[in-house]
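Two complexes follow with chain A in common, the first pairing it with chain B and the second with chain C.
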Partner chain A sequence: MSLEAAAFWGLALVLLASGLAVVLSKNLFHSVLYLALALVATAGLFLLLQAEFLAAVQILLYAGGVITIVVFAIVVTERLVGERLVQTNRGIVNGGLVSLAVLIAIIIFVTRATLPQTPPPPPADLTQAIGRDLLTRFVLPFELLAVLFLAALLGALFFARKEE
Partner chain B sequence: MVPESYYTALSAILFTIGVVGVLVRRNPLVIFMSIELMLNAANLALVAFGHRFGAADAQVLAFFVMTVAAAEVAVGLAIIVTIFRLRRRLSVDELSIMRW
Partner chain C sequence: MDAALIPLLPLLVVGGTALLVIVLDLLPPRDRKGHLGVVALAGVVMALLVSLGLWGREGRAFRGMVVLDNFALFLDVVICYAAALVLLLSTDYLRRNDGERGEYYILVLLSTLGMVLMAAAADLIVIFLALELMSLSLYVLAGFFRGRLAAAEASMKYFLLGAFATGFFIYGIALIYGATGSTALDRIAAATRAGTRDPLLLVGLGLLLVGFGFKISSVPFHMWVPDVYEGAPTSVTAFIATGSKAAGFAALLRVLLSTFKVSQPDWTVLLWVVAVLTMTVGNVVAIAQSNLKRMLAYSSVAHVGYMLIGVVAGGALGAGSVLFYLLVYTFTTAGAFGVILLLERGRREAVDLDDYAGLAGRHPVLALTLALFLLSLIGMPPTAGFAGKFYLFGAAVRSGYIWLAVIAVLNSAVAAYYYLRVVVYMYMRDTEGLPTGPAPSFAGRLALAIALWGIFQLGLLPAPVLDLAQAAVAPLLR
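Moving on, here comes the complex of A and B:
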C-alpha cells in the first residue's frame, strides 16, 4: 500500500469515527472536541487532494474560530441553565429512515455523474489561480461576502446587547 | 493514487451522519455541530471533484462555503444563547416562539 493510500484510509477512519462521536456522544463538550478532530482530519484530506490553501483556511477558520465560538456557547449556556447539558434523542427510527434515503439519493446522483476519465493537468500554482479567480471571475460574490460579514457582525451584536 | 470516488463516498457517509444528528438530536447546539459536519462533507466532495477536473473553481466555491459557515455560526450561536437566556430550556421541540 502506498503512503498516500495509507494516509487516506487513516484519515477517513478518524473522520468517520469522530463524525459519529459528534452525533452519538452524550457529553456536549466531548461532541465539540470530536468536531474539532473531524475538521482537522478533513484538512488532512484537503492536503492529500493538493488543496494546501483550503487546508490552511480550514484549520484557521474552522478548528480555530468556529470551535472556539461553539465552546464559548456551551460554557455560557451551561452556566445559564445551571446544570450539565445532557443529550436526549427523538424519533430514532424515522430519523434513521430519512437519513438512509438521503444516503441512497446522494449515491445515485454521484454514480450517474459523468467525470473525465483522466484528470487534466492542474494549474501550475493552484493557490495563485484561486487568488486570481477570487478577484476577477468571482469578485461579485467575494464583495457580497463582505456585506454578509457586516450583517452577521451587526446581528451578533444585536443579540448580545443588554436588555433595556 | 486514491481515486476521487473514494473521497465522494466518504463525503456521502459523513453528510448522512450529519443528517442523522440534525434529525435525531434535541439539543440545538448539537444540531448546529451536525450542520457544520454536513457543510464539511459538501466541501470535501467539492474539493475531490475539483481535483478530478483540475480547476480552481471548486476550491473557490469551498472557500465561500467555509466563510458563509463562519458567519452562520456567529449569528446562529448568538440566537441560541439568547433563547437559552429567555427560556432556560434545552429542547428544540419546545422552541416555537419564532413560528407564526
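Moving on, here comes the complex of A and C:
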C-alpha cells in the first residue's frame, strides 16, 4: 500500500468515526468537538487531492469560524435554559434505517458508475486559478453571495433586535 | 444601456428597489413604514412591465449563467403578480398586527429577486444561490410576528427543513458536476446526450428532485407545509404558496425539460407516483382540517400534485398548462388568503371554520369573494380553476396517461367537499359570537379586485394566455 492510500484510509477512518460520534454522542459539547475533528479530517482529504487552498479555507471557515459560533450558541443557550443540554436519540432506529437505505442506494449507484482511473492533473497554480475564475467566470455567483449575505444579515438583525 | 445587461433587466429593477427601500428605511418617519410598501410595490409593478416589454427577446448574460427567454419572462410575470398582490395586502395587515417594520418590505423584495432569478438561471450554482436567497428571506418573514409562539415555530421548522433540503440539493449538484464536469445546464445536456444512463448522474438528479420537492412541497416532503402556513403571517403564507412555488416549478421545469431530456423515461415514472401521492394525501388530509389556513395549506399540496401531472405529460401542452396553472393558482390563492387576512374576530385573525359561520350576513361582499376563490380552487366553470384543470388533465389524456387523469378527477371531486363546506358555513349557518372585522383598506380591495379579474379573465378567455404559456415553454423543448 502506497503512502497516499494509507493516508486516505487513515483520514477516512477518522472522518467516519468522528462523524458517527457527532450523531451518537450524548453530550452536545462533545458532539461539537467531534464535528471539529471531522472538519479537520475533511481538510486532510482536500490536501491529499492537492487542493491546498480549499484545505486552508476549510480549516479557517469551518473548523475555525463555524465551530466557534456553535460553541457560542451552546454557551448562551445553556445560560438561558439554566440546565445542561443533553442530546436525545429517540428516533435513532428510524433514522438509522433511512441512513442505511440511502447509503446502500448511493453505494450501488456509485459502484456502477464508470469513474476515471487517474485524477486529472491539477492546474499549476491552483489558488491563482480559483481567484481568477471567481472574478471572471463566476463573478455573478460571487455578487449574488453578497446579496444573500445582505438578506441573512437583515434577518439576523431583525431577530436579534430588542422588542420596542 | 449596455446590451449585455438586458437579460438582467427584471432582476436589476427588483434588486435596485430592494436597495432603495433599505436606504429609505433609515430615513424618518420611524414609526410609519407604509410608504416603503408603496415604493416596493412600484418596483414590482415596474419589473412586471419590463418583463412584458421584453416579451419575445432572447439573450444570455454572464457566460450563459442567466438567460432571457419567454419562459423566464412568463414566470417573471407570475412572480411579480404574486409579489404585487402580497404587497397590496400587507400594509394594512401589518399595521393591524403591530408588525409594521421596514425589514418586511426589504425581505419581500429580496425573496422576489431570488424567485425571478430562479426563473432565469441556467446554471446549477445560480439556481442554488437564487433558491437560497428566496428561502432565507422567507424563513425570516415566516417568523415576522416575533411575539407569537406559532410564528417562531413556523420560522424554525421552515428553516431547519429547508436547510436539510438544501443539503440534498447541493449534494445532487456535486454528483452531477462529477458526472459531467460542468454546472451549466446546456453543457450538462450536451454531456448527457452523448452518453448512456450514467448512474452517478441519475443519483444526482434524484437528489436535486428531493431538494425541489421540499420547495414545491410535494409528498413526501410536505411535512413543513401546514405548520408554516398556519404560523406565518397570512400575507407571507400567500407569498410562500404562490411565488415560491412558481419559482420552484420554474427551475424544476427548466432542469427537467431542457437538461435531463435524455432521462425523461426515468423521471416521468418517478413523478407519476409523486403526483398521485401528492394530490391524494393533500386532499384527504385537508378534509380533516377545521383551521382555514391549514386547510388551504393541504389544498396547496394537492394543487402541486395537479401541476406535476403537467410535468409528467410533458411536451408543449403539458409544460404550457403547468405555467398557465401557476398563473391561475397565484390569483386564486393570493385572493383566498387575502380575504382571510382581512377578517378579524376580536383582535385575532378569523382562521377557524366557525368564524365563517354566517359571514354572508355580516360581510356579503367578502363572503361572495371568498366563495368565488374557493369555486376556482375546486375548478368550477367559468372560473380560471376550471380552465387550468381542463388543460392539465387534457394534456395527461393526450399523452396517454389516462389513469393519471382519472385519479386527478376523482381527487377534484373529493376536494370539492372541503371547499364547499366553507361556502355552506358562510351562507347557511347563523352568525355566532362577535361579528367584527375592519373595513378593508383601498389597497386590500384593489388586491382582491385584481385577483377576481384574474380568475375571470383566465376563466372566460383562457386560450390566448395558454398560447403564450405554450410559446414560453418552446425554448426549453427545442
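Things to note:
Convention: the second predicted complex is superposed on the first by the 156 of 164 C-alpha atoms of A that agree within 3 Å, B and C clash if a C-alpha of one lies under 4 Å from a C-alpha of the other, contacts with A are read in each partner's own complex, and residues count from 1 in each chain.
Convention: a contact is a pair of C-beta atoms (placed from the backbone, for glycine too) under 8 Å apart; a residue touches a chain by one contact, two chains touch by 3 or more.
Computed from a predicted model, the values in this text were never measured in an experiment.
Once the two complexes are overlaid on the shared chain, A:Ala124 sits clear of chain B and of chain C alike. In the superposition on chain A, A:Leu148 contacts both chain B and chain C. In the superposed model, A:Leu16 makes contact with chain B only, not with chain C. In the superposed pair of complexes, A:Phe159 makes contact with chain B and with chain C alike.
Residue by residue along chain A, chain B and chain C are tallied for touches, and B comes out ahead.
When both complexes are overlaid on chain A, the residue A:Leu48 reaches chain B alone and has no touch with chain C. Legend: residue contacts after superposition of the two complexes on their common chain; A:Leu140 is shown touching chain C, with no touch to chain B. By the touch criterion defined above, A:Ile106 reaches both chain B and chain C. Looking at the shared chain after the overlay, A:Phe8 reaches chain B, while chain C stays out of its contact range.
When both complexes are overlaid on chain A, the residue A:Val32 reaches chain B alone and has no touch with chain C.
Overlaid on A, the two complexes show chain B and chain C touching the same residues of chain A, namely 106, 110, 115, 138, 141, 145, 148, 151-152, 155, 158-159. The residues of chain A lying in touch with chain B in their complex are 2, 4-5, 8, 12, 15-16, 19-20, 22-23, 28, 31-32, 35, 38-39, 42, 45-46, 48-51, 53-54, 57-58, 61-62, 65-66, 69-70, 72-74, 76-77, 80-81, 85, 87-92, 94-96, 98-100, 102-103, 106-107, 110, 115-116, 119-123, 126, 129-130, 133-134, 138, 141, 145, 148-149, 151-153, 155-156, 158-160. Contact residues of chain C toward chain A in the complex are 15, 22, 61-63, 65-66, 101, 103, 106-107, 110-111, 113, 117, 123, 125-126, 129-130, 132-133, 136-137, 139-140, 143, 146-147, 179, 198-200, 202-203.
Residues of chain A that touch chain C in their complex: 105-106, 108-110, 112-115, 137-141, 144-145, 147-148, 150-152, 154-155, 157-159, 163. Partner chain A is touched in their complex by these residues of chain B: 1-2, 4-10, 12-21, 23-27, 29-30, 32-34, 36-37, 40, 43-44, 47-57, 59-60, 62-64, 66-75, 77-82, 84-85, 88, 90-91, 93.
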